[in-house]
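I've put the structures underneath this note.
One chain, subunit A, links the two complexes that follow: it is found with subunit B in the first and with subunit C in the second.
Here is the complex of A and B:
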């Protein structure tokens, strides 16, 4: 076990290193010079002297391998450099924005999970009942309706037609619609997996035996199949949670939330090299961390792995 | 399993050529030029001449939607081709070798799966500039990883099947084994998985166009139209509805034809691919003893 854990850790490090290399390569290959873009954005003339001075200040006049090595060293020691655009330390900016993305992402998954249990149990028990219909409709909806369009529609309905939500104001109210949208997109996949697990158990011989012994169907389903179905659910949840740092960008842009996603989109437009490099490494690290947590959860839920 | 009909044959497949045909017509012919500006007819109501009305620059909304459909399907075709070809090439290569080369191929595929598709696509699109072709390539580069891991798992499983072992014992060459026995088994599941994901690709393309990233907004992409028209939410909300409807109808039609995306159940053939597969929104059941037959059958049923 310790050897396997060490190998696993080394593999994760290798993937992260590859991610940092890819991040550096992709970001530097982007056309347009960040120094020129910054000067234009601040209404300054982009004369060669000023551009060269900015390059020197940002360390962009060095050879690329040296730049990469210097950046990696700084990054590992917690100096993520400063944003070209805001001049603020990138680490601080991430620390400020990550909670916004996490609230939207995990808030949405949490709301979805609240509905998963009842819907999936109902659908597993009665394949043609109302729970199954609601679940199938929600799944189709989540696969067919783009989150940003749904966001625009909800904004229009609640903010323009009904005027019940002050979406542009500060405060917790502005998180309500984004969280509901993430919950809507996550509900279908999560509940379908849970339902499939329960349905599989309800067809198994040992479940019929339990019923024959006189067990109450609901209790027996939970006792015999709850753990098995949650094992599937945890895998599905992993896939959805991986989405939190990579995929909420469109929802954040629609609602103007100051999360990591909007930061990413703004930074790409400004070719904010160090922000983009940090973002890609953080996104990859997030994916790996989620996979690690999921492996732990599987270990707890699945006695066959012990 | 190579004797079964491909899984997607059971679906209502006539929808697919109908959609592709419509997309082709839309790509080559529109009632008006999609970017023809007519400032005297801004925000025109639907009429016989302009069925869906005109937008804030007097452009015909229907013509823009039609051009957008052509572009969407061009991108969709590119992504689908890249995912299947890259997935098969890397996956089958990994399955038929061993040692360092196999490890390297799998690490690359894992890496491609770990990177979030939209983030990779955004970076590449800002590198190449946005149009249907570059966006298709960008989304394809962000999405092929799981297909390679899937192909590797299925191919290794197929190679150990008795009938493939028998063919090998009879003296079949490795390339013949791969093409005659392994490829059909892999391709079947690969296409079923792809079919279930097509709707997601349409939405991802729209999301990429929506984010825009400084590209000019005159492109008639459904996502870009949404981004542009959402500013007229207060006075002309109908403008915002049409591009969204177009995405929804397309995705619903794809689902009708190819089944739904519940996530193919992939055998966790080895612990090392499982983690990456999960990141790539495959729903892996962790047990290593999960037979591939279950995975294939589930894929047949659900997509």
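Here is the complex of A and C:
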């Protein structure tokens, strides 16, 4: 067991190193020079002297392998460098912004999960019932309605027409609508997977046998199929949780939340190399962490894996 | 249980009631916010100047003229310049802005910020007396007033931790990426008449309009045109629209077909009906050239629209119209991709109108919207691109010509090379007097018109939405000075 854990750890480290290499290569392969972009964006002269001075300041005047080695060394020791655009330490920016994105992303998934069980069970039991209709509508709506449009609509209704919330709200209240929107987009995929798992069990012989023995349908469905359906749900949840880091940019922009998503959007346009490199490595680490947690969940839910 | 948690979350949303509109500071909603309170860092000087916190020695007035601000005057003294400060200037911490403090500010700016060195290199600075400083730039400078109006040279005093500036407002609380709370600078004239202000960064145009409608925003800067009809129906709001110092244009890649042919470029220039662009953008003025009419060196005549002449040019260039109206030459269709970007919503709005004008004379135009246009321009991976820019940020027109049209410039995105234009720009470097510079700029403009690497489209109007409290606000023709000393709030 310790040997397996060490092997897993080494594998994770290797993947992270490869991610850092890929991050550096991909970001540096992007066309355009961040120094010129930065000067043009603010109406300044992109003369060779100024461009060269910015390159020196940002450490871009070295050979690429040296730049990579220096950046990786700094990154591992906690110096993630400074943003070209904001001039602020990137680690500080991530530390401040990541919680905002996590609150929105995980808050949305949590709220979605609260609704998944009742809707999926109802839809599995009565394929033409109200729960199934609501679930199908939510799934279709999440695919068809852009998050920014929904966000603007909700803001207009609650802030302008009813005046019960602030557009520029402060404190925990500002997270409610963004979380509900993320929940809305996540609800359909999660509930459909859970529903499919329950529906499959409800067609199984052992479930019919349970009913024939006089078991209550609701109790029997949960007892016979709950664990199996949650196994599928955990896989779907893994996929949804994977994009929490940086994937909530649209909602963040509409609601003015200073999360990682908005920072990332700005950074891409300005070719903010160190921000983008840091993000890719953090995203890779996040995916590994999620995969690790998901593997643990599967281990608990699926006796065949023990 | 699960539904109870959902209900609790909804109830939490209902607890946030808007603050008392009478007691809160004026709230300005806009798409940008400074990244730092130190004007020597990056481009913070620009944002702080726009926020009314930082000032420069010279500034650009409403008519586009460079006028003294903190400086009383500047005069040439051989290869140096003598800057004379206005009397009794103070920083927001109450300390005196004298020649020694000015030297310290310019020293620090050029040491800390490569952008400042891009203006005057590392200059030699000598204090002559309490109000006069001799500045000798590292390299020759023609229009020194314009350089001293540039944001990297914003005047400040740095105590090792904080920077103090001279504008009508000073920062009280800063939340990076979110908001900046300002109070009137107590050492600036008429301090009692200015309100406290909170600037909120609002990245989405629709959210900005909603903030104005909900009463949370008092000054909504640069509203999207599509929100105007809705906002104008609200009697409590005032919408003020003003032509700005920005110019909308189409850059043509002269290294790519079909724009490697000057006649095709001229045809595009003639074929576009600018009045339709203005109608689509909900306001604006037909461009006369590179510079909006607010500038004294702008050309006078609006760009001409003549579709027949455009067709003749295309005929002469060998592009013949087929039965379906599509022009062909040597088996190739007359077609290109028009690239635009969503950060300037007006440009996305006018792109189809441009396409309609050009397809009427036989072009086939694809429209492409890209999130990051600057990298694409820099890599020259485009056929034609819509572009918006401030035409004279320092109040002098030479800058944009040098940057965009000199054959050797890194930002000559059109790959335009013209020996006469380069020579005229060389001569312009030797001219000091404003009238002579204006005449020279107009001459260069004519050379550029003939080659048409750029098609000047329109001067936009920007729309500012105002609550009753801020109804007296008068927009400036650019985003360089959003908050100024004349800001007042009604009770």
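Just so we're on the same page, the second predicted complex is superposed on the first by the 272 of 306 C-alpha atoms of A that agree within 3 Å, B and C clash if a C-alpha of one lies under 4 Å from a C-alpha of the other, contacts with A are read in each partner's own complex, and residues count from 1 in each chain.
Quick note on the criterion: contacts are C-beta pairs under 8 Å (C-beta built on N, C-alpha and C of every residue); 3 or more make two chains touch, one makes a residue touch a chain.
Note that this is a predicted model, so its numbers are computed, not measured.
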Touching partner for A:179 - first (subunit B), second (subunit C), both, neither: second
First (subunit B), second (subunit C), both or neither touched by A:204: neither
Which of subunit B and subunit C A:160 touches, first, second, both or neither: both
Which superposed partner A:189 touches (first subunit B, second subunit C, both, neither): first
Partner chain in contact with A:143 - subunit B first, subunit C second, else both or neither: first
Partner chain(s) touched by A:64 [first = subunit B, second = subunit C, both, neither]: neither
Which superposed partner A:6 touches (first subunit B, second subunit C, both, neither): neither
Touched partner set for A:40, first subunit B, second subunit C, both or neither: second
First (subunit B), second (subunit C), both or neither touched by A:288: first
Subunit B/subunit C common contact set on subunit A: 30-31, 148, 152, 155-156, 160, 253-254, 265, 268-269
Complex interface listing, subunit A residues touching subunit B: 11, 14-15, 18-19, 22, 26-27, 29-31, 139-140, 143-149, 152-153, 155-156, 160, 189, 192-193, 196, 231-232, 235-236, 238-240, 242-243, 245-247, 249-250, 253-254, 264-265, 268-269, 276, 279-280, 283-284, 287-288, 290-292, 294-295, 298, 302, 304-305
Residues of subunit C defined as touching subunit A within the complex: 2-3, 5-6, 9-10, 12-19, 27, 29, 35-36, 41-44, 46, 114-115, 117-118, 121, 150-152, 175-178, 200-204, 206-207, 210-211, 213-217, 343, 371-372, 374-376, 378-379, 381, 389-390, 393, 399, 402-403, 409-411
Of all residues in subunit B, those that touch subunit A in their complex: 107, 110-111, 114-119, 122-124, 126-127, 199-200, 203, 206-207, 210-211, 213-214, 223, 226, 230, 233-234, 237, 240-241, 243-244, 247-248, 251-252, 255, 260-263, 272, 275-276, 278-287, 289
Partner subunit C, residues of subunit A touching it in the complex: 30-33, 36-51, 53-54, 56-57, 83-88, 96-97, 111, 114-115, 117-118, 148, 152, 155-156, 158-160, 163-174, 176-177, 179-180, 253-256, 258, 262-263, 265, 268-269, 271
